[in-house]
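As structure tokens, here come the structures.
Next come two complexes, and both contain chain A; in the first it sits with chain B, in the second with chain C.
What follows is the complex of A and B.
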């Protein structure tokens, strides 16, 4: 069972993205293959140098940096959304791959779930 | 949601067995009503609901303290009755639940809280329950709040 979790919301505005991340880490904890795709405003999760202390939150950057350690195989960013938000490869966390978002991608997974 | 994909046809769920994941809260979103309508229709069509998993804001559905005005439906009660009547497990994610002040007696004692408010037959369990559902051969349907 190969799962794709999709986060399409900007970080820090709601808890849905965080709880989707928990789903991904939970699958990984049970040795289930899982990838994360960030699309739309969700690509902002992948920015380097986030400081969330001023909004009394923990930085999601740290969670994502730990993803490979916890067994979340792949972090994907939607190329179109990166372009829309002016993000280039060098703005993104190191282990992120840029991809197109469509059925060519989702067909590679048995199970696809949106954050909310 | 920024993609409108066609229905997944490669799902390994040929037998009409569904697991419902509700992430939208009652009275803030339509998700619990839509899910209940789906569940009733599925049973009427002789399909099976394997379990219902409450996640994120969806855990508010399992509160025993929900008290809407008398001319509005009590969605928590409606769901609890449906689950009990059809012997379908209803599970609230423990991390989502504790964060939002939904606790059973065990968690009340563990965290030395003043009350518990989990409505039977809902239970509290970890995300492992959801992970098990992803590999169970049932088709997972998500009921989100929408945007």
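What follows is the complex of A and C.
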């Protein structure tokens, strides 16, 4: 069972994205294949140089750094949204691949679930 | 029950940004199951063929919509489980 989890909400404004991240890490910890796609405002999760100390949160950049440790190997960013938010490949965290969102992508997964 | 390639499960009301995104992603062999506030979409003109559009009965009843909807389009929790298991893949919007 191959799962794609999609985060389409900006970081820090709500907890729903973090809950989805926990879900992805839990799947991976039990050896279930899982990929993460960030689209829409969600691409802002992937920007380098986040410092959330003064909003009393851990930066999601640090959360995402744990992805390979849990076995989440594939982090995807929607190209159109990256362009919209001024993110080029060099602005994104390492190991992020840019993709289009559509049936070519979702057909590769048994289950696709959005955050929140 | 009708054979579905992708089952789209949509629990957002029609104003939600993901509602329109979901409708645009539905292919010719796919089905759409409206749940929770998604069932409010049944009060609006259908965006996909009626024989591939479904709504979850308990959510329809909760919102007082039962009289307005074709009974063939209303599914139970058990039907939902069956649809989820028999579709090639599932997208939970």
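Odds and ends about this structure:
The criterion applied here is as follows: the second predicted complex is superposed on the first by the 116 of 116 C-alpha atoms of A that agree within 3 Å, B and C clash if a C-alpha of one lies under 4 Å from a C-alpha of the other, contacts with A are read in each partner's own complex, and residues count from 1 in each chain.
Keep this in mind: contacts are C-beta pairs under 8 Å (C-beta built on N, C-alpha and C of every residue); 3 or more make two chains touch, one makes a residue touch a chain.
What you see is a predicted model; the values in this text were computed from it and never measured.
Model built by superposing both complexes on chain A: chain B and chain C clash. For chain A, the partner with contacts to more residues, out of chain B and chain C, is B. In the superposition on chain A, contact of A:112 is made with both chain B and chain C.
Of the two partner chains placed around the shared chain by superposition, chain B is the only one that A:1 touches, whereas chain C remains out of contact. Judged by the touch definition given at the top, the superposed model places A:103 against both chain B and chain C.
When both complexes are overlaid on chain A, the residue A:86 reaches neither chain B nor chain C. Looking at the shared chain after the overlay, A:30 reaches chain B, while chain C stays out of its contact range.
By the touch criterion defined above, A:49 lies against neither chain B nor chain C after alignment on the C-alpha atoms of chain A. Mapped onto the common chain A, chain B and chain C collide along 38-46, the only clashing stretch among 20-28, 38-46, 92-100 or 110-118. Common to the chain B and chain C interfaces on chain A are residues 8, 40, 102-103, 106-107, 110-114. Note for the complex: chain C touches chain A at residues 6, 17-18, 25, 27, 89-93. Considering their complex, residues 8, 40, 102-103, 106-107, 109-114 of chain A touch chain C. By the touch rule above, chain B contacts chain A in their complex via residues 1-3, 5-6, 8, 10-12, 21, 23-24, 55-56, 95-96, 99, 126-128, 130-131, 134-135, 140, 142, 144-145. Residue ranges on chain A touching chain B, taken from their complex, read 1, 3, 8, 15-16, 19, 22-23, 26-27, 30, 32, 39-40, 101-103, 106-107, 110-114, 116.
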